[in-house]
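Across the two complexes that follow, subunit A remains constant while its partner is subunit B and subsequently subunit C.
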Partner chain A sequence: MKTKKRKYSFGAIGQRLSHYLKDKKHLIFFVAVALIASTIFAIFAPVVTKDITDSIADSITKNTDIDFSYISQQLIILAALYILSAGFAYYATMRTTYLSQLAIKRLRADIQEKLNKLTLNVLDQSERGDLLSRVTNDATTLSSALQSNLTQILVQATSIIGIIVMMLVLNVQLSLIFFIALPLSYFVMKLITKKPRCCSEDSSRN
Partner chain B sequence: MLFRRQQQELGSLNGLIEEVYDGHLIVKSFNHEAKSAEKFDAINQRFFKSYLSSRFYSGLSAPLMKLINNLAYIGICVMGGIFVITGTMTIGTIQAFLIYANNIASPTALISNNLNFIQAGAAAAERIFEFLDREEEQPDRGTEVLDVATTKGRIEFKNVEFGYLPERTLFHDVSLTAEPGEILAVVGPSGAGKTTLVNLLMRFYEINQGSILLEGLNVKNLTRPNLRSAFGMVLQDTWLFDGTIEENIAYGKSGATREDVIAAAKKAQCDEFIRKLPRGYETRIGGDFTTLSEGECQLLAIARTIIADPKVLILDEATSSVDTRTEILITQAMEAMMKGRTTFIIAHRLFTIKNADKIIFMMEGDIKEVGSHAELMKLGGLYANLYLSASDN
Partner chain C sequence: MVSLLIRYLKDYRLQMILVFVFVLSQAAAQLYLPTMMGDIIENGVAQGDTPYILKSGAMMLAVSLLAAVCMVASSYYSAYVTASFTSRIRADVFDKVKSFSQTDFNFFGAATLLTRSTTDATQMQIVVINGLRSLLLVPITGVGALVMAFRENITLTLLLLGSFLITTIIIGLTTARSMPLFKIMQQKVDRLNLLMKEKLTGVRAIRAFNRQDYETEKFAQANQEGMQAAIKANYAVAFFAPLMQLMMNLTMVIILWLGAEEVQQQIVTLGGLMVFIQYVLMFMSALGLVSALLMAYPQAAVSAARVKEVLDTDFSIQDKKNPTALKNITGRIEFKDVSFGYSGAEINVLDRLNFVAEPGKITAIVGATGSGKTTLVNLILRLYEVSAGAIVIDGIDIRDCSQHDLRSIIAYAPQESVLFSGTVLENIRVGKDQATEAEVTEALSVAQALDFVNEREGQLSSTISQGGKDLSGGQRQRLSIARAAVKKAPITIFDDCFSALDFKTDSLVRKAIREKFGDKTVLIIAQRISTIKHADRILVLDNGAIVGQGKHEDLIKDCLVYQEILKSQSYSDGKEESL
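After this line comes the complex of A and B, so read on.
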């Protein structure tokens, strides 16, 4: 083949995949809004809990009656927050599933079209099973990676950002403990994902 | 990356399965079962290892991150406790903080887990894109249109130069004319370029230099579907799909009626045996051809080509021997099919060759001799030698 084996960066792959959803920009926007909304609602819940606990603690230390009307009011707000958060998360998950499956469907159509357009040269020169594996196994792997995992990553990434902000607002010193732990776990993660790369390079394909 | 390797090993594993499955009988007859099992074991072992190590690392990351997060959790408890005692913080704040610490732990663990799946997905995407970026056929120009209905089937090769690889030219300077209705037998040793001639006629490959004209039109200027609708092809190994006999014959022409199918089957000498089948034209045949003999499959392929009514025929004469009766049927069917059509036959049987209007003797990618049997015998060249040595046997 005249083209050397090219490697695609994460960015290039993402760009090519997002190309399949060019006409769904408005939907992607809604999903982003829903994700952010879901995160914000979930993140404010502990603040409400904090107020409840503080109110009870206050009553006990000052030896006054517990303010149940305030607490029940806060509990209703808490429930509303959780329900709203779950609702938005549900919407976002549904829509990302739809979007990722749509992208895969379009990718599969592309593959089908490509099979018809390939020169016979390519077909004659490649191993059939490997070619088939690309259009079946790899498409399935990509599909499941996109569908379940990408959605989760999006949900989790937004909540991590939100939580970090809230922690900073609550107390800077305690947040510091976390800011030491987070890079540490990121470092461990990096270490683990890097390790296989170095070892597999020498024993590459037959 | 480990995940890329995993997908690669899976690909080569499938490649081997496909290969051995296809050549099942050959593998058995050469007693290579043990060898292919060995080869399979080796690849399977490699796949197992790469799968295991990729899962090992991805399995390791989640517990490690959990450990770190739990340590942070303890730190917050201790620090927070001190803050509450010294009165710089309320109990509620530390409670909220612990909820946050808990909530942040699970997404980070999940993300690290998911990143591995995303990596596997990226490896898969890479292989798909690699496939999508492979060489494509030149787009059709379609500047000229061939009227297939009135085409008589005149074909001309003008100084054609071609090679499968750019640096290795196979056809150096091939020129050739086929008049409408002529039968041309393409003869020559293997590797002479007989199949290449067919590949170029059908435009499966593009020529480097020169031109191929069909009815005076350069085939490069036609669309491929337009060009190919003028051609009919019967190859050595018959491809029949899973469906009824009728569907398989009707494949040659869209919207073919039962009458069309039967008429074609009659011309192809297969009506008789089809009627003898318990379910006649409704008989299901599959990829494994269990119900039909090889000769019968060939007859069906001929019927399929007849129904398409192409102007130019390309036949790859079967080298495999069929029983004498079927052989006669096939010859009759072939003759019916070739009538009035320009025909290229990659010929193996002397009978076919002798009866051809023109014999094209090819060697090393060049046409060495062209002429009728009588003319070439008189010439006393390469063809005459081949013929004499073949008829001696």
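After this line comes the complex of A and C, so read on.
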């Protein structure tokens, strides 16, 4: 078993997981919609905030009274945006929890089906502790990683796209500075993350 | 969770101090930034002083860089501490379980011990890795931001604090409520692991009896329950992050509203309000980290409690403070009114046993299955503690000496021969670390195992796969016998380990034992009378009581149980009697 250890790429894992969830396509679609909606609402909030501060600053420079009817109207919009964003985020979290647990349940069922079919020869050749660790510990680790990370990745990805769009809308020049800084930080990150990848292989053998 | 953390982090004081210093510097640098920004707006932008803006801008960049360096350094040390922390916990759980008595082990069960030392430890590791730095950073930046905000504007900070308190209370209550749910979830994982383990270890029996469907059904049910428990527990904490975000955002709305009025009344300047909002944002991002942590906390806390339970178990069998040393032991074992019952069971497995096993003699114990033979051996090895009476070796109560000493004077060949993955030599040397090859060969010849070992490729250094799957039952038993023989201990116990040997090998092994173990105390446990009929003293066990004691010839005459056992075996014994 050790000799033909396959390296699973991130894509291969994704493929396997999507295989487990292929009958839940509509649910995944809803989650994606909810996440996008949540992000869009969250991203529009700063725009409204900007309108409010602009209005206040305007009133001060012109030395007129602050336009409270306009501000309160904007503040209500802002509150509505935040509530909608949180609501969608809550829905998305609930559903991804369900989806990842379902995927893990099906993965476990699959493992146990496989154990039914494996020849004794294979079972005898692989160390029992190793197999046991794979079907118990590794499955659990995958489930907790899935659950916390799937939501995170989806949320982060949608907000990054949204924020970039918003930044470009608000100020193109300042955004450009940011895009120059981005590869720099990516480079630093890469330097730092290079190490841990090789170590985690060792620790999972315990 | 926290107590476990403190217990282990104690040893990493220096690293912890470094983490703390770097986190503190990072927080300080970050907290200084908004003030600098405020200065730029007030002194630079408002007065059109470009050199000042550039100078302060450069300063701000330098401060951010410092914060970044501190962050990397603190991550480095906290990662180091976390990794050491988890590996120490695993090692300690392993050590602890190793020293568990049979009673302790049964109390937990193998499956849950496995989950606890793997899954639960990992669960904690995940939180500690993410948490250690945020645990330090969040209070520092949170409190720092709050203090700075307080200096800018008192009423608005109070508002912020108020909404923060409400959120904390809600989350605190839910955390308390979700803990039992996570506990159930981990128990379900235990159950899944148990089924998987049974499936792997019992694969032959399951297939032979065509039980796959039944097992699959059982597993599917446990799997379903596991999923439901996990979903229920995670649903309970799912609203943490959105709620926290929402509360803080709504607070921001109110701050903007009240702030606008204060600006109107000229209580604060617009610049002052902007700086204040910067601090509020900083406070919120600190909270964002907390909410991620809070979602993971209940699960980690449950895991920590489970690990701690193992670590804190008092051994039910403990050595005395000043154990009597066992020196120059001849090996005379005496049972004085020994009774034993499993904890919780009403009926005693062994009832008032009295007998003596002398050095230089072979004492045999026969009886039907379930008569208590193996339990008796477990008591001598002190794997279980006697319930009443005393076991005395050379006049010393076995509870007065250390368990290590006791087991060093006993060689033991168990009923189920256990072989480890490794060579034949290594497996025999389990009995005696320092055994020379000559000694090992001698032991193998006593066990009549020399022939088949020599036929193997590589002889003594031929490898045995885990559990000895490539050997027959009889071969495994013979290696197990050799392992006990090589120890040459004052007391040697063979627990029904002749059962898979054919009659000829059986008698050859017995003959060799009699020759080589002339001055030792030998205990042979058997079901077959032919194995033990030449013993110096035979004890007949029936339902945990000794119903007959003496030589074969005497027992044939006056022991009813012995006669019955003999009768039930005689159809085969008749032919083999001559051996």
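The definition used in the following text is that the second predicted complex is superposed on the first by the 191 of 206 C-alpha atoms of A that agree within 3 Å, B and C clash if a C-alpha of one lies under 4 Å from a C-alpha of the other, contacts with A are read in each partner's own complex, and residues count from 1 in each chain.
Simple rule for what comes next: a residue touches a chain if its C-beta (ideal position, glycine included) is under 8 Å from a C-beta of that chain, and two chains touch if they have at least 3 such contacts.
Given the structure is predicted, the values throughout are model-derived calculations rather than measurements.
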Combined model on subunit A: subunit C and subunit B, fit or clash: clash
Partner chain(s) touched by A:Ile177 [first = subunit B, second = subunit C, both, neither]: first
Partner chain in contact with A:Ala109 - subunit B first, subunit C second, else both or neither: second
Touched partner set for A:Arg16, first subunit B, second subunit C, both or neither: first
Subunit B versus subunit C as contact partner of A:Thr49, first or second or both or neither: both
First (subunit B), second (subunit C), both or neither touched by A:Ala32: neither
Touched partner set for A:Ser72, first subunit B, second subunit C, both or neither: second
Touching partner for A:Val169 - first (subunit B), second (subunit C), both, neither: neither
Subunit B versus subunit C as contact partner of A:Ile161, first or second or both or neither: neither
First, second, both or neither for A:Thr93, with subunit B first and subunit C second: second
Touch count on subunit A, higher of subunit B and subunit C: B
Residues of subunit A contacting subunit B in one complex and subunit C in the other: 45, 49, 52-53, 57, 111, 120, 127-128, 131-133, 135, 137, 141, 144, 148, 192, 196, 206
Subunit A - residues contacting subunit B, complex: 1-3, 5-8, 10, 13, 16-17, 42, 45-47, 49-54, 57, 107, 110-111, 114, 117-122, 127-135, 137-139, 141-142, 144-146, 148-150, 152-153, 155-157, 159-160, 163-164, 166-167, 170-171, 173-174, 177-178, 180-182, 184-185, 188-189, 192-193, 195-197, 199-200, 204-206
Residues of subunit A that touch subunit C when the two form their complex: 45, 49, 52-53, 56-57, 59-60, 65-66, 68, 71-72, 75, 78-79, 82-83, 85-87, 89-90, 93-94, 97-98, 101-102, 104-105, 108-109, 111-113, 115-116, 120, 123-125, 127-128, 131-133, 135-137, 140-141, 143-144, 147-148, 192, 196, 203, 206
Complex contact set, residues of subunit B against subunit A: 1-5, 7-8, 10-12, 14-19, 50, 53-54, 57-58, 60-61, 64-65, 68-69, 71-72, 75-76, 79-80, 83, 89-97, 99-101, 103-104, 107-108, 110-112, 114-137, 164, 199, 204-205
Complex interface listing, subunit C residues touching subunit A: 72, 79, 83, 87, 90, 114-115, 118-119, 122-123, 126, 189, 192-193, 195-197, 199-201, 203-204, 207, 212, 215-216, 219-220, 223-224, 226-227, 230-231, 234-235, 238-239, 241-243, 245-246, 249-250, 252-253, 256-257, 260-261, 263-264, 270, 274, 295-296, 299, 421, 465-467, 469
